[in-house]
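Below are structures written as structure tokens.
Both complexes below contain chain A, partnered by chain B and then by chain C.
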Partner chain A sequence: MGMKGNGSNHECSRERVKGEEEAAAELLLCREPIRIMSKGEVDYVHARGGFSFDSCRRNEMLLNKGLKPSSFLKTGTTIVGLIFQDGVILGADTRATEGPIVADKNCEKIHYMAPNIYCCGAGTAADTEAVTDTISSHLKLHRYHTARESRVVTALTLLKSHLFRYQGHVSAALVLGGVDVTGPHLHTIYPHGSTDSLPFATMGSGSLAAMAVFESKYHEGLSRDEGVKLVCEAICSGIFNDLGSGSNVDICVITKGQKEYLRNHLLPNPRTYISSKGYSFSKKT
Partner chain B sequence: MGDSQYSFSLTTFSPSGKLVQIEHALTAVGSGQTSLGIKAANGVVIATEKKLPSILVDETSVQKIQILTPNIGVVYSGMGPDSRVLVRKSRKQAEQYQRLYKETIPVTQLVRETAAVMQEFTQSGGVRPFGVSLLVAGFDDKGPQLYQVDPSGSYFSWKASAMGKNVSNAKAFLEKRYTDDMELDDAVHTAILTLKEGVLTPAEIEDYLQEVE
Partner chain C sequence: MDLNAPHSMGTTIIGVTYDGGVVLGADSRTSTGMYVANRASDKITQLTDNVYICRSGSAADSQIVSDYVRYFLHQHTIQLGQPATVKVAANLVRLLSYNNKNMLQTGIIVGGWDKYEGGKIYGIPLGGTILEQPFAIGGSGSSYLYGFFDQAWKEGMSKDEAEQLVVKAVSLAIARDGASGGVVRTVIINSDGVTRNFYPSDKLQLWHEELEPQNSLLDILSAASPEPMNI
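What follows is the complex of A and B.
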């Protein structure tokens, strides 16, 4: 696993994914650019105040007074990616959790960024959706202006700049993969904005289980079928060994000029308990 | 008339009730390259002549017809740089609409927003109106549509229209040849003929028509 930079940073971000989010005590009043969703403006404009961290202070005060924070929908997750001989394969499980409850048994964690770039997201579901949507829009406008296919490094830089600007408050840990003119690329992006470039990567609460599979079985020059099989194994390892991951396996295979989005490629957890006759309960039970 | 005294400031009406700057902008459009659009039964065609100032200009670098969304395109008459700004803004607006409503922007909406931008520049201080008229062609669930947007910000829906030089000739030609149930191929053919009107003599056009038909 690429352990560039401070090891403790990595620990920090994994905590964020697995457990409760610590209240951020920093008060950053920064003049940062935000996009104005109205007519007229072409480029980013500096808004007064930027992202307001005032609520963070209030939240911390409330926590100290004993208020339990509202839980949000997280994707305690297993997401993986690997580079094979013709391109990139991304895989994800499909369980979304809200604390100990499974909120969505079949959610989509592989997000579209560009026709040749897809991104798996772990962390707070709303954050991953919003950030991938925003950057996907950005890339589309960029494609119109330049009349060229989007590059993976462009998506990478846009995502990491966005996440860094929000100082880790946007809780999105991403595995970004795609094939462009310079070849196949696979990157991981942590919520604070640091990135790694790897031949195989895993993120989310099930990342250790999945990484164990990759570390023992990955080799260069995998064929498409071998690659898909390996990714399925890794995700299944996460599904069966991690509580935060479960349900089905989604796969996305990206090669030069083509992509295959295999939604629910594997269903290792089918419902088997529905009685076709229905249930009858006698009165007063 | 005292109009000339009011012709420099955009934000001042002249006594005759006109904004003279906008009239001047329309003149700028009228001296631009001819562009036209024709709405057919199953599509829209927009066309323009790509007249380059010299044979040394790399023609692949000049793109007069631009795409705004996968189903809406635009051509202009007038100042090229002004049209680039509008194209950029329109693309962004289309994308924002899509992000907000998860629906591809209808042609009328995009035209309305573009026209609103053009109107803004006729009522703000320190700016001048855009020196372009746009022909926006699109196909959405309401079928094929063709709109013309002027520097004043007004927009019209046309069955067939032309802008720029030789407008009267081109429009007369279009009036003669336009039919409601035209197919897209016919429309393309007519568009090319209309453009050639301004370039070739009537005798040459006859020859061409005989050749083709």
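What follows is the complex of A and C.
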């Protein structure tokens, strides 16, 4: 720890060091709120609970000083959803990027929320996974508690309150779709917690490419096959025109009482060259 | 283009009292930076059967405030045993806006009808002031409407006159403000109940130098167009 305090008399400063060491130890153990003896400093953040934005301020300060942020896995992404005559169809590409590198060529972006509700996620992969898993568990407990099928608006409210509480720092942009007793629903949820309810929606870096397809070809009362074809076109538009999206197309069709998860429904980017001689990697390389 | 910018409703929102009730009006554009995230949003939100609000500013903040106020008003109605007054609704919005002024960025117009005061409009702009007014305008498009209302507003209008005034005003603001657009939605609240109306953008009156709406060539050619991709 070293000598703290400003060189006052010897006895005093030794006591102050001890107090501060204990305070630091308590902070490590993350126990009670710590009161530091020095004047002007009050409780640590744990006293009042809630998310502490101090680290966010520190991060911004470090960025301003020129520290390069560690790169994290983002789903560049094109995700879409549309309502057709019998329910909801969700679609997503399968590329996960880490800066300029493709980290996962076939990731799953359509997350399970409830048997009748699925959610596509764009943004930071960890954030979308965590937030959808958390709310999915919450919904399951709610189903046990109420003995009823989950409703899409329940998932919507849980997700939006969670994201609003974190003021946009949880970077998850979601397309939530499902069919419940009140009918088919499709919502978009933005990282800051605002939501929109739409008949067709797109999110992610490829959203503009996909939205162009939807705006020109969507109409009410699509059949299942027309809907799946339109979603495929929209995702392909994102895959081929957006650098953050690529690889394959995942589709999820949700209707009353039934869902079909079509993983890799379309593979428009097959591996075209495989060396005929094969690869010989010796062990331990 | 930053698709992660917080959603803001560029917006034009209007609330007008008339003889017997109120008319609320809004455009329907929600933007994220320069991209229109939702071209058909509904910015007029219900709080109770007789009180509605128009939201502007940050989409997330205004949605959360309206959810909280709806919840408090619901409790209040149960405790009171009769429908809540517009004044109470407006003051609840004001308390949330004022006490959290450092963290919220939302301008709200509260409008409704109750049996004690009749039709009332309350404007609650950014800092959390509450102002009871015969008409209120808000959002980025409202800058273009101050002069218009000074000239066109009059006391004791009929319901149709008031609604036409609102539609004309939102339409004018849409023509000049880049952050407002889409369709015009209106809500009329009086002793008989609530009426929602919808005016699509191609049915609005054209203003100075505006061109006729034209069907997209895609609609005309779509019958014979080739598939863009072989799937």
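Criterion: the second predicted complex is superposed on the first by the 230 of 285 C-alpha atoms of A that agree within 3 Å, B and C clash if a C-alpha of one lies under 4 Å from a C-alpha of the other, contacts with A are read in each partner's own complex, and residues count from 1 in each chain.
As a working rule, a residue touches a chain if its C-beta (ideal position, glycine included) is under 8 Å from a C-beta of that chain, and two chains touch if they have at least 3 such contacts.
The structure presented is a predicted model; accordingly, all values stated were derived computationally and were not measured.
In the superposition on chain A, A:S52 contacts neither chain B nor chain C.
With both complexes placed on chain A, chain A has more residues touched by C than by the other of chain B and chain C. Contact with chain B, but none with chain C, is seen for A:H145 once the two complexes are overlaid on the shared chain.
Look at A:N264: by the touch rule set out above, it reaches neither chain B nor chain C.
Contact with neither chain B nor chain C is seen for A:Q85 once the two complexes are overlaid on the shared chain. Applying the stated contact rule after C-alpha superposition, one finds that A:D133 touches chain B and leaves chain C untouched.
The residues of chain A lying in touch with chain B in their complex are 37, 39-40, 42, 133-134, 137, 140-141, 144-145. Considering their complex, residues 3-4, 6-7, 30, 32, 35, 37-38, 40-41, 58-60, 63-64, 216, 218, 222, 228-229, 231 of chain C touch chain A. Chain B contributes residues 67-68, 85, 88-89, 91-93, 95-96, 98-100, 113, 116-117, 120 to its touches with chain A in the complex. Those residues of chain A lying in contact with chain C across their complex are 123, 160-161, 163-164, 168, 171, 173, 188, 190-196, 198, 204-205, 207-208, 216, 229, 232-233, 236, 266.
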